[in-house]
Amino acid sequence: MGIRELDEIFGGGLPIPSTLLILGDIGTGKSVLCQQFIYAQAKKGYECTYFCIDNSPSDVRMNMISLGWDPTELEEKGLIKFVDIFIGREETSDEKYQGNARNFDELVPTVKKFFLQNQRFVIDSISSVAFLHGEDKAYDLIQRVQGWILNTRSVGIVNAVRGMHSKTFEIAIQQALGNVIILEKDEETDSVYLRIAKTTKTSHMRGKFGLEIDESGIRIMH
Amino acid sequence: MGIRELDEIFGGGLPIPSTLLILGDIGTGKSVLCQQFIYAQAKKGYECTYFCIDNSPSDVRMNMISLGWDPTELEEKGLIKFVDIFIGREETSDEKYQGNARNFDELVPTVKKFFLQNQRFVIDSISSVAFLHGEDKAYDLIQRVQGWILNTRSVGIVNAVRGMHSKTFEIAIQQALGNVIILEKDEETDSVYLRIAKTTKTSHMRGKFGLEIDESGIRIMH
Amino acid sequence: MGIRELDEIFGGGLPIPSTLLILGDIGTGKSVLCQQFIYAQAKKGYECTYFCIDNSPSDVRMNMISLGWDPTELEEKGLIKFVDIFIGREETSDEKYQGNARNFDELVPTVKKFFLQNQRFVIDSISSVAFLHGEDKAYDLIQRVQGWILNTRSVGIVNAVRGMHSKTFEIAIQQALGNVIILEKDEETDSVYLRIAKTTKTSHMRGKFGLEIDESGIRIMH
Amino acid sequence: MGIRELDEIFGGGLPIPSTLLILGDIGTGKSVLCQQFIYAQAKKGYECTYFCIDNSPSDVRMNMISLGWDPTELEEKGLIKFVDIFIGREETSDEKYQGNARNFDELVPTVKKFFLQNQRFVIDSISSVAFLHGEDKAYDLIQRVQGWILNTRSVGIVNAVRGMHSKTFEIAIQQALGNVIILEKDEETDSVYLRIAKTTKTSHMRGKFGLEIDESGIRIMH
Amino acid sequence: MGIRELDEIFGGGLPIPSTLLILGDIGTGKSVLCQQFIYAQAKKGYECTYFCIDNSPSDVRMNMISLGWDPTELEEKGLIKFVDIFIGREETSDEKYQGNARNFDELVPTVKKFFLQNQRFVIDSISSVAFLHGEDKAYDLIQRVQGWILNTRSVGIVNAVRGMHSKTFEIAIQQALGNVIILEKDEETDSVYLRIAKTTKTSHMRGKFGLEIDESGIRIMH
Amino acid sequence: MGIRELDEIFGGGLPIPSTLLILGDIGTGKSVLCQQFIYAQAKKGYECTYFCIDNSPSDVRMNMISLGWDPTELEEKGLIKFVDIFIGREETSDEKYQGNARNFDELVPTVKKFFLQNQRFVIDSISSVAFLHGEDKAYDLIQRVQGWILNTRSVGIVNAVRGMHSKTFEIAIQQALGNVIILEKDEETDSVYLRIAKTTKTSHMRGKFGLEIDESGIRIMH
C-alpha cells in the first residue's frame, strides 16, 4: 500500500483485486491514510482515482500539500484524478472530473465511469452517501464496487465514519468488503488506535496498535 | 461433516435431513468452515451446491485453493456446483450456474431449482439477503429451506453475520433451524470462540471452545 | 401435567381450564416439555392436539420416539392429533390434519376447528406466528385461545421463544395467559434454569430451579 | 379503601373523587388488590363496577371465591356489576352486563354508560386496551375517565402492567391519574414490593414495603 | 418569583420577559411550585393566567386551598384566571375561561388570546399536549410562547414531565426556554432534589438542593 | 478568533476558509462563545453576520451588552448584521435583516443571500432547524454552508445542542465540518469542560479543559 506498517499487517500489501474498508471515529486520520495511499500508488505509476465526496478537491489537494505530498505533477501526468462529487457543491464544478453526489441515480453511473478506468481508488466517504440517500442505497453502491473490481482488478480504500450509521449497516459493509481496519479514538487520552477486523489473507499481527499522525503522515506504534 | 471436532460435537455428524446455522462475528471464519464442509462432502461423493451470495464463485474458488482444497476436479465431476447469485454482480455471469440475488422473486425459484437436486448445500450468506430484501423475506426463505430438506433429505449450512440484523431476527433463525453454532470474536485478544447454541441430538460437549484458522483450515482447541 | 415436578410446582397440576405459557431461550427444551405433556395426557385418555407450527409433524414424531414416547399407537386411537401447520411447507401436506400457517386468515379458523374438539393442546410455537404475521395478530390469536378454553374447559401449553419479540409483546402474552414459566439459559455454563413467573393458584415453590434434559425427558433439580 | 394498610398510606383512604393507578409487574397481585377493594366497598353499600377486560367475569368470580370474597350476594343486591368486555371473547356473552372490547369505538360508550352509574370502579386492565388499540387511544380513555369522575364523584382503580408499554406511556398515565402505586417483583428472591409513586394528599409513609398475597388477600409488611 | 429560595437562585427573580421550564419526575411537586408562584404574583397585583391542561380548574383550586392559598378573592378581582383546557373534559365547561385542548388548531389561538392579556402565566403542562398532539406540535407551541412574551413582556412557568417524552424533545424544550430547573426523585429514599440546568442570568448557586413539600408549600434545603 | 486560548488551541486561529462546530450541552455557554467571537472579529473590521434562530436579535443584543460587548456602534458601521430568523416569531420582524425560519424553502435562500456577503458568521443554532424541519434538511444546509465558504472564504461558527439529535446526526455534522469542539457539563459538579474533537490543522493541545463563564466572557482553565 506504500505504507510500510500496513503492508506488514496485510502480509505484503492487499491482494489484487480487493478493497480495504477504513471505519474510523471522527478525527482519527481516515482521509490522511487515503491520501498517503493514493500518493504512494501514483508515484509507483498506477492510475488512481480519488472520489471527493465529503470535501472538495481543492481541500484535499491543500491537505496533501500540507503533508508533503504535492499531487500537482501526478495530476498532470494523469496518474491522479480527483473526481469532484463533493456533496456541499450546488453548481457545476470548475474541476475537470466531476459528478453530482446529490442525485443517487446520477452518482452511480458517474462513479462507475471513472471506476472502470482506474487501477487504484479511494472513496472518501461512503458515510455521507448513506446519510444523504439512505443506508440501503449506500450498501448497494458498496456491493457494485465489489463487482466492478472483479473486472478492473483494482485495489482501493472505502472510508466510513464510525457511529454515523446504524450498527447493522456498519457490520454489513464490513461483511461486504474483504479487508477492514478500525480506527478508534480514546476520548480520555485523545489517542488513536488501529485494529484489524478482517483480512482475506492470513495475518500474523493481532490486536490493537497506537497510531500517530503528524507532518510526515501516519505512523503505527509497536 | 468431515470436520473431526464438529463431528464429535454433533455426536457423529448432523442428522439427515438437517441444517446447521453458523452465526458468527465478522472475521471469524464462517466461510472457511463452509468451504471445508463442502470439500469434504464432495470428496465422499455427495452432490454439493454452494450458493455464492456475498462473494463471487471465483473468490470462493481462489480462497479454497489457498487453503489446499482445490475444487476444480470435483466441479468437473459435477460434485460441486457454485451457483453465482453474488449480489455485487450487475450483468449476466460467465458461470454455468447462476441467478439474480437482487430480485427476491427470481431468487427463490433459483435457489429452489438447484436445491432440489443436491444432497449437501451451503448458503453463504442469508445476511445479505436480509439486508437487501428485508428480514421477513430472508426468514421466509429460511423456512422454505426447512421445508425443502424434508423432501431432499439433504444436509447443509446457512451462514449469518452476527450483529448485522435485529436481535429478534437473529433469534428467529436460530429457532427455525435445528442446529446452531455461534462464532464469537473477542476484540481485545483477537481470539475466536465457538459455542453450541442448539442441537437436535443430545450433545455431551458444552460451553465454549477456542478456534484456530490457518492454512490447513479450522481447528478446535480443547 | 404428568411431569411430577411441574405438578408439584402448580400444586397438583394446572387448573381446568387454563393455559401454561412456556417462554424460553433457544435450546432450553421447550418442545421436549410439550411432547412429554402431550404423551402423558394422551396416555391418561385425554384427547390431545399438537399444533405443529415451527416443525413438521414428522420431525415432532421422530423426536418423541428418540425420547421414548412413541405416539403411533395413541395417534391410531385418536388420542393425539398432530395438526400440520408447519410454516416451512409450501404445498399440501400428506398429513391427515393440516392447515396453512402462511395465511393468517386461514390459520385462525383452522386452529379453532381443531381446538374445539380437544381436551389438551400444545401450540408450538406462537413465536413464528408473531414473526410472520406481526405481534398484534399473534396477540389476537392468544386472546382467542383464552376465550375458547372457557368453552372446551381444556388445558394446554403455548410455546414462545424468549428474545424473538419486542419486550412489550413478551409481557403482553404473560399477562394474557394464566400460568407462565420461564426457561433461561446461562450461556457461560450452558445450564438451563426454570422460573415460575405467574400462577393462578398459590404456589409454595419460589425462585429458580436447574433443569436437565436427557434421553428420559426433563428433570427438575432441587 | 377497605385495605387497612393502603388506607394508612393514603392518609385515611383516597380522596373523593379520585383514581388510583396500580402499575405492577406480571404476577404481583394487581387483580387481587382490585378484587379486595371492590368487595370491601360493596360490603359498605357502594355501587361498584368491575370492568373485566383481561379476564372473563367467571374467572374473576372464581378467583374472588377462592380468596374468600364470594360476590354472589352482592351481585344480587346490584352492588357489584361485572361488565364483560373480556378481549378474548368472540361472540355475545351470557353476562347481564357486557360490551365489545375489540372495537374501540364501541368500547368508549360502553365504559361511559356503566361508569356514570357507579360510585366505585375497577378497570382491569388498561394495558390490553393499549396493546390492542394503541397507546394513544388508551391514554385518551384514561383522560376521559378523569373527566367522568368529576361528575360521578366516584373512586376507583385502574390496573396497568409494568413493562408492557413504552416508557413514555407508563409515565403519561402516572401523570394523568392522581394516585399511583408501583408493584415490583424481585426476580431473584421472587418477592413483591409496593412503592408509592404519587399521592394527591400528603403522605407520611415513604419508600418501599414488602407485600404478601395468600388466602386472606394482600398484606403489607412493615 | 415570590418563592424566597428560587428568587435567590435566579439572582433576585427571573428577568422580564422570560420563561422558566420546570422539568420534573412524577410526584415531585411541579404543580405546587406553579400554584405558589401564581398566588404570590397575583397577591402583588400582577394579572395571572393558569392554563389548566392536565387537571380541571376545580382540582387546581381545591389543591391551592388545601395548601393555604385560596384563590377565590384574587379570581374575583380578575388577578387570577383559570383557563379550562383540561384534556379529560368531553363537553363545554362551566368555567368562565375555557378552550378545547383536544383540538390543536383550536388550542393555539385559545392560548394566544389569553396569553396576550397576562403579565404572569403558568402552562401546566406541555407534556400532555406533546403526548396527545405529538412532540413537534408541542415544540411549536413552546416556540410561539417565546415569541409572545417578547410582546407582552410577561414572566411565567411551563411544566413538563421528565421521562414522558423522547430525550431529544426534553433537550429541545430546555434549549428553547431561557431558564430551566430539574426536579429529580430518588426512588430509593423518596427524596426530591432541585437542580438548575440553565439560567439567563449568572447564578452563584450551583449543584443540587433538597426539596420539601408540605402544608406551607415548597421549601429548599441548604 | 479573538479568544486567546481558542487561538492557541487552533494554532493561531482557524484556517481560512473554515467552520467551527460547537456541540455543547444545555447551559454550557455556546452562545456566549459565538458572541465573543463575532464582537472580536467585527472590532477587527471584518463584516460579520449573526443568524439568530433560537433567540431574537433583541435577546442576543441584550446578552452581549450584559457581557460588556455592546454591538450598537458595530451595527451602525455595518460590521455586525443580526439576521432575525427567530423560530418563535409569527409575524414580520421590526429588524432590518430578517427571514422566516419556519419555512425551510424560504430559509435556505435567506441564509445564502446574507452568507455570500459576509467574512465571519455565526449560525445559532442548527439544532432548532433540525428539530423543526428534520435532520436530513439540517444536514443539507450544513453541507451547503461548506460549499458557500469556498466562495466567500469566510470563517464562522455553527452551534448545535448535544443530545437534541440522533447520535448519527451528531456525528454526521462533525464529519461535515472541519473543526469541532465539544462542551460537556458535569451534572454532579455543575462544571463545564471543553474538548477538541477535530481540527484541520495539527494541534499540540490535547484532552479536556475546564471552562469558566462570567461577566468578562469565556475563560479556559489550564
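For reference, chains read A, B, C, D, E and F in written order, and residue numbers begin at 1 within each chain.
Just so we're on the same page, a residue touches a chain if its C-beta (ideal position, glycine included) is under 8 Å from a C-beta of that chain, and two chains touch if they have at least 3 such contacts.
Just so it is clear, the structure is predicted and the values come from calculations on it, not from any experiment.
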Mutual neighbours - chains that touch chain A and chain E alike: F
Number of hops, chain A to chain D, where each hop joins two touching chains: 3
Same or different residue numbers at the chain B/chain C copy interface, by half rule: different
Whole-Å separation of chain centres (CA-atom averages), chain C against chain E: 53
Rounded Å distance, chain E centre to chain F centre (Cα mean): 31
Shared interface positions of chain D, touching two or more other chains: none
Direction chain D, origin chain C - full chain order round the ring: C, D, E, F, A, B
Residues of chain C that touch chain B when the two form their complex: 26-27, 54, 56, 58, 63, 86-90, 125, 127-128, 131-132, 161-166, 187-190, 213-215
Contact set on chain B toward chain C in their complex: 136, 139-140, 143-147, 150, 167-168, 171-172, 174-176, 180, 195-200, 202, 206-207
